[in-house]
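A short write-up of the structure that comes next.
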Amino acid sequence: MTGVTLSNAVKKYGEVQTIFDVNLDIEDGEFCVFVGPSGCGKSTLLRMVAGLEETTSGKIHIGSRDVTNVEAAERGVAMVFQSYALYPHMSVEENMGFGLKMTGHPKEEIKEKVSEASRILQLDAYLKRKPKALSGGQRQRVAIGRAIVRGPDVFLFDEPLSNLDAELRVDMRVEIARLHKEIGATMIYVTHDQVEAMTLADKIVVLRAGRVEQVGKPMDLYNNPDNRFVAGFIGSPSMNFVEGKVCGGKVAVDAFGGREITTSVTLPPEGSKVIVGLRPQQITVSAGGPATLDLRERLGAVAYDHLICAEGSKIIVETRGEDALDEGASISLDFSDDDAFLFDAKTEMRLR
Amino acid sequence: MTGVTLSNAVKKYGEVQTIFDVNLDIEDGEFCVFVGPSGCGKSTLLRMVAGLEETTSGKIHIGSRDVTNVEAAERGVAMVFQSYALYPHMSVEENMGFGLKMTGHPKEEIKEKVSEASRILQLDAYLKRKPKALSGGQRQRVAIGRAIVRGPDVFLFDEPLSNLDAELRVDMRVEIARLHKEIGATMIYVTHDQVEAMTLADKIVVLRAGRVEQVGKPMDLYNNPDNRFVAGFIGSPSMNFVEGKVCGGKVAVDAFGGREITTSVTLPPEGSKVIVGLRPQQITVSAGGPATLDLRERLGAVAYDHLICAEGSKIIVETRGEDALDEGASISLDFSDDDAFLFDAKTEMRLR
Amino acid sequence: SELSGTLKIFSDMSNPAPRAVMEKLASDFDALHPDLSVELTVIDREAYKTQIRNFLTANAPDVANWYAANRMRPYVSAGLFEDVSDLWAEPAIADNLASTKGAMTLDGKQWGVPYTYYQWGVYYREDIYDELGLEEPKDWESFKSNCQKILDSGRKCFTIGSKFLWTAGGWFDYLNMRTNGYDFHMALTNGDVEWTDDRVKQTFANWRELIDMGAFIDNHQSYSWQEALPFMVNGEAAAYLMGNFAVAPLREAGLSDEQLDFYQFPVINPDVELAEDAPTDTFHIPSGAQNKEAAREFLRYVVSADVQTEINAGPALGQLPVNASSSVDADEMLNQGFEMLSSNSPGGIAQFFDRDAPAEMASIAMEGFQEFMVFPDNLEDVLNRLEKARQRIY
Amino acid sequence: MFPRPIEKSSPAWVATYQALVPMALVLWLLPLIAVAVFSIKPDVDFTTGNYWGWPSAFKGFENYGKVFFASDMPRYLLNSVLITVPTVIGAVALSCMTGFALGVYKFRGNLLLFFMFVAGNFVPFQILMVPVRDLTLDMGLYNTKLGLVLFHVAFQTGFCTLFMRNFIRALPFELIEAARVEGVAEWRIFWFVVLPLMKPAIAALSVLIFTFIWNDYFWAVVLTQGAESQPVTAGITSFNAQYRAAYHLMSAGSIVAALPPVAMFFLMQRHFIAGLTLGAVK
Amino acid sequence: MVDTTTPLNDGAPGWIRRNRQALAPALFLLPGVLFFAFYVIFPIVQSFNLSFYRWDGLGEPVYVGAENYIELMDDRAFEVSMWNNLKWLLMYLLAIPAGLAIALFLNQNVVGIRLYKSLFFFPFVISQVVVGLVFSWFYDPTFGLLNQILGFFGFGTVNVLGDPNLVTYGIIVAGLWPQTAYCMILYLTGLNAVDPEQVEAARLDGAKGMKMLWYVIIPQLRPATFIAFVVTIIGALRSFDLISIMTNGGPFGSSRVLSFYMFEKALSEYGFRMGYGAAIAVVLFLIMLSFIAYFLWSMYQEEKGGR
């Protein structure tokens, strides 16, 4: 059993607390992604698991071992850094074998493991090169290779793809997914890119300001977010939010010309404000109406229409096919009541 | 008239030629985007317009003025750099006013113009800060503000968003589009991100290895690419390419189990190879068939299915809704013959 | 018993000619004692003056050079020099070196042996004097009138390099001893007389006459004494008040005996007796020496009549032997000097300003002399400064 | 990037510039060139007043021969080497360690210790003169090369630590963290990861310290005497005292004394500039 | 980071293991700190102490309280040295603009420029002893090149090193030569780090020549300027070799600076007033301390932001 468990993990820098009582269970072999906006504590949490940051209080277990006060070197984890952190003075081969060499493994064994890893990552042709002579994607692969070679129980990735350009990022994303399938080790992956989170994760942990907002499978988070933050964070383009008011058991939305949404969720008292969330894909537009088409971004197969509603709120709608609506045109929008997510205006919690 | 015209523009670094005979007409007020893979010469071309690189031969006109040998400062252009190139020792205000100060404008006027620009870009709260104390997006806005303040005829942008994270990039993209609408000046914009190109451009110039591959409106390039390169470059995820063979006036595709495509284009002689291009959105999948579903990336509303065809070629299909196909399942794919793009296998030119 | 081990000698005889002498001395002594190896370290003469303190306390050689009189007092008081009164009790030394015993005596004991001394005086270009029809001056007036004639011929009367200060001390000594006499010199250097005393002022007034005439070369404050030699060699200056050690380099630079001559500094105040500066250079045994036996033997060797004759000969040091039984080289200058010191110096023989005065006083005073030579108008200020220093130091 | 790259200007201006640089260089190095010319002149040139003119004859061999064979110069040179090389090695080794400790670890008093090194390094070293001389005397190291070396090592450690620590700070910290996660012991991280990366800094520092120590005069005078342990700077002054007014010999001696650091600088020039960029002008 | 929670089982190897992160820096620091403390920190304290004694370096030191300092108050030579130090401090700073000028001049890409840069750096590599020698020949009142040139233009001779009003400036100029080379190399490396995009942006903004230099380049060269400033100040306050070689403090003490004066007082031929010398050193140290404090302060400001 080599899952990772955090119990009441807390991190303080001096007086400043950056991680608040995190409880988390990562199963053996699971691919767990930490997402959240910049500065929310993703890296800190990961580094606490790695042993690179002290855990101020709480416990961290890897498998059944309490590693809270164990040195990074002895935790049996491997980490891939955003900047790759390849040793510039060593060849690819040496980079990958360095950890084993330092822990006194025989040469034979190192060689074997390195060549195994390089096979998996298709690095055979570059083994003798220095990192400087590699492209970004190749460097990233070497960094992963270095982690693989040591055969750790847990892999940690800190935004491993953020230094790559968009295209390569897609390729490497796929590669990491394959790798996880092939190796089957527990992996914890930090990113602030929700596309990566969605596509890679078995389990997503959404963090905000040092607290866990929601944990779950990607599609569960997408379909069933616990609160406005998660709803807004997962899904691209992000969910549109407009204000509504509870009005006779329904929710009236000013932005849509007072349209009422029928819902089965428990609504707050009459007159309370609620937030209505609608995904851009779930809105349809047609000519004529109170909203204006401010801007249309055409991407080929899809287009994003930036609408301005009567009362000023901005809505993005994803449209497919070639609509003939011009920018500046009057527009009305429609959606199915079932697709609307409702949140309490104050707590921002999902109304269920 | 302040369009930009390049006639037979050539750039050589010593013996190495990086720009080959570029002819280009950018209308007054047009938003022109240069796209192309890394190293294709986008920046070089832009810098030639800016006057930061000498033009080896050919002519550059801004409006009706021949600026080929005019100094950068005197061309009436403003440029926004990838790294923002803000002066770290000056406050936001000073950064934006610096150009005017250098050209000896009175303080009053500078102040006025800076505050006008800062209003447009919502920078009022940060005027006294140094760039270090700003977030990436704010810095980018200051860089744009610096350009606006000088009221140039032509704005030049060199990958202005590539240092921002995905989310901010989307926001800033919209902002730049708005800005263009508001100011109406001629803008030339370099990016290697085709989404930016598609959404922002009035006119896209696709460059490859120092040569113009195609010039046109975004949707024209998307719907009607001149060659395989442009077809592959425009559209996301990129077009799938498989090999086909001319066979009795039709095109037979091995990858799809020999399926024949009926087409009205002029095909090369019987037996010649052609390349068949299919956009991921235009393929549909169903259970059972010669292809395998290798990996499914779920993004919420859409999912990307990575398929492996019978003869080994890889195809990406965009699917919507929640299909119940499991990874590893056998799959067959289908498409409408009209959606297939055909290219000559040798010249890679579109067959029309 | 035969000497053995090593004998470490530190010497400040760093100019080429003395250096050769020292090296020969060491090797001869070494050859004389087969079991003894002599190690000689020659240190730059100016640097030696600062370093002696360090090596005497830390890293004492067996034999070291130094100077006689007050100049050795700090080391004697600190117990760093070996009492060698026993040597002075031996007849060979007692009899032959009697004349220098006083200079080597402090607190009633002797602390080293002299190996050479030399007269100071005016070395001049005989050919220039001849050309201008001048005589060696005997009194102040002719001294000045000679000078005037020399100046009129477009030359300077005296060359001097005062960068290292002590050369100016020589001028002061002579002017002072001729103006106020030997006893006054001793009183002054012993701190018994105020520097603002009128007699001191008289000395400076006499000096000033020369300065106002323009008797000295320009920019002397930038030169060492060696660097001032070429002025005389090239005939730009006619004379040099200096110790006899200047003769060797002058000759080496090409002045023949016909061109070079010597006279005693002339009388200024007829009421005082003539007195001379004749600095004595010495050898000492540091109290921390390892091989004192060999050191004593070396001292005996150095002062022995033959060695004295040899090392002080014209081609060698070109100075005066301290041993009465030695013979003074046939050299013209040496003979004149010997003659002068033994018969024409009734007032007494001084060591030198910086050897008779305590080090700190000497340094401040000589700096003042230099300033006076450049800016005679600053005299008042200089003297007040010296007086203040005197009050503090003594 | 500033001023405007010359190759973008007119060819005439490029040519002017290319002519101007050597001229400026000659002007800049005039004093040195003068010494070089002095050193091959015959002595008659000085007696005849031909100081700055063309040498009347080439006497380079004689002059340098005299420096090498008729003086203690070779011995002084050897002393300088024996003082400088161990100092460079010692100071660089010590400061690699202190720099590593101060640059990599967080612990209480880190900055304080670092500032102690920095402050100590900028102290006017005259204040150390008397006590250090006494210390050296007491340890019986007065007038030994070892005494000089030990002091130089200690004193230069201040500067080197400043330099090394800043350099290590500029290294990506992830490299060290990566190694830690890989289970590498701290001293092995130092040896296998950090040291190889510090090569440019080590090279730059070595050159710098080499010049500093080689050219040191003050401490040579304070802590040593005589040809058996004094370095060439002190040697040249006594050489000069010996040959005062023999400008040709003094020049030759000076050139000989100046040559090793110059050679060192030229050998390491590439690393020197690279290291300096990273270490000093971060 | 040092104080971890107390371990439960107190086995020695386990303890070492657990505290390796804390022990490692201590071990790495130990030799350097010991050396430094022994040879630098301790002597500074000793010097302070010694400045309250009268001692000739041979006998027993005698405690005299503040007497040395009181004497300093009306020691004219000390006063002269202080003023000269001030001159050094101010004049020496000229090395910074001069170094910048040369660096700008050489910051081009033409054939052989690397060699030129190295050659321009030469004066710094050469011993100050040699520099002093060369410059005293240059200034020599009779045959020195300076006077030959002056003579050529029909001026009278000046004896730079013999004139109490000029001598300090003369020596400073000699010192500026290598120091300028030093600043030059610092600026050359600094110029390498100038962001080319900023220069281009400024060019588009219409900044040229001096304006570009002043508003864009110099602010970016701040780190180089800072280092240049520090080394120059230190160099100015430490000036010793040149004075010793060129004038030996003269004429009549007018080119002394504190560091030379204290050497003279403490260790030279006519000196050996160790306590007095130490007192001078303390004063010099206090002057330097203000610069050290400034330097540390600005470093501290930077560090606060760091890791």
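Before moving on, here are some points about what is shown:
In this document, chain identifiers A, B, C, D and E correspond to the written order of the chains, with residue numbering beginning at 1 in each.
Rule of thumb we're sticking to: a residue touches a chain if its C-beta (ideal position, glycine included) is under 8 Å from a C-beta of that chain, and two chains touch if they have at least 3 such contacts.
All of these numbers come straight from a predicted model, not from anything done at the bench.
Listing every chain that touches chain C and chain D alike gives E. Think of each touching pair as a link: the shortest run of links from chain A to chain C has 2 of them.
Two chains share more touching C-beta pairs than any other pair, namely D-E.
Distance between chain A and chain E, defined via averaged C-alpha coordinates, is recorded as 54 Å. Averaged C-alpha coordinates give centres for chain A and chain B that are 26 Å from one another. With each centre defined as the average position of its C-alpha atoms, the distance from chain B to chain D rounds to 54 Å. Averaged C-alpha coordinates give centres for chain D and chain E that are 15 Å from one another. Residue positions of chain C touching 2 or more other chains, listed in rising order: 46, 50, 57.
Of all residues in chain E, those that touch two or more other chains are 1, 20-21, 57, 195, 200, 216, 267. The residues of chain B lying in touch with chain E in their complex are 50-52, 72-73, 77-79, 81-83, 85-90, 98-99, 102-103, 146, 150. Listing the residues of chain C that touch chain D in their complex gives 10, 14-16, 19, 41-48, 50-51, 54-55, 57-59, 224, 226-227, 229-230, 233-234, 253-254. Considering their complex, residues 56-59, 71, 76, 136, 139-142, 159, 161-162, 164, 247-248, 250-253, 264, 267-273 of chain E touch chain C.
Residues 1-2, 20-22, 24-26, 28-29, 31-33, 35-36, 38-44, 46-47, 50, 57, 102, 104-111, 113-114, 116, 118-131, 133-135, 137-138, 143, 145, 148, 177, 185-186, 188-196, 199-200, 209, 212-213, 216-217, 223-224, 227, 230, 234, 237-238, 240-241, 244-245, 258-259, 262-263, 266-267, 274, 277-278, 281-282, 284-285, 288, 291-292, 295-296, 299-300, 303, 306-307 of chain E touch chain D in their complex.
In the complex of the two chains, the chain D residues touching chain A come out as 172, 174-175, 177-185, 188, 192-193, 196-197, 199.
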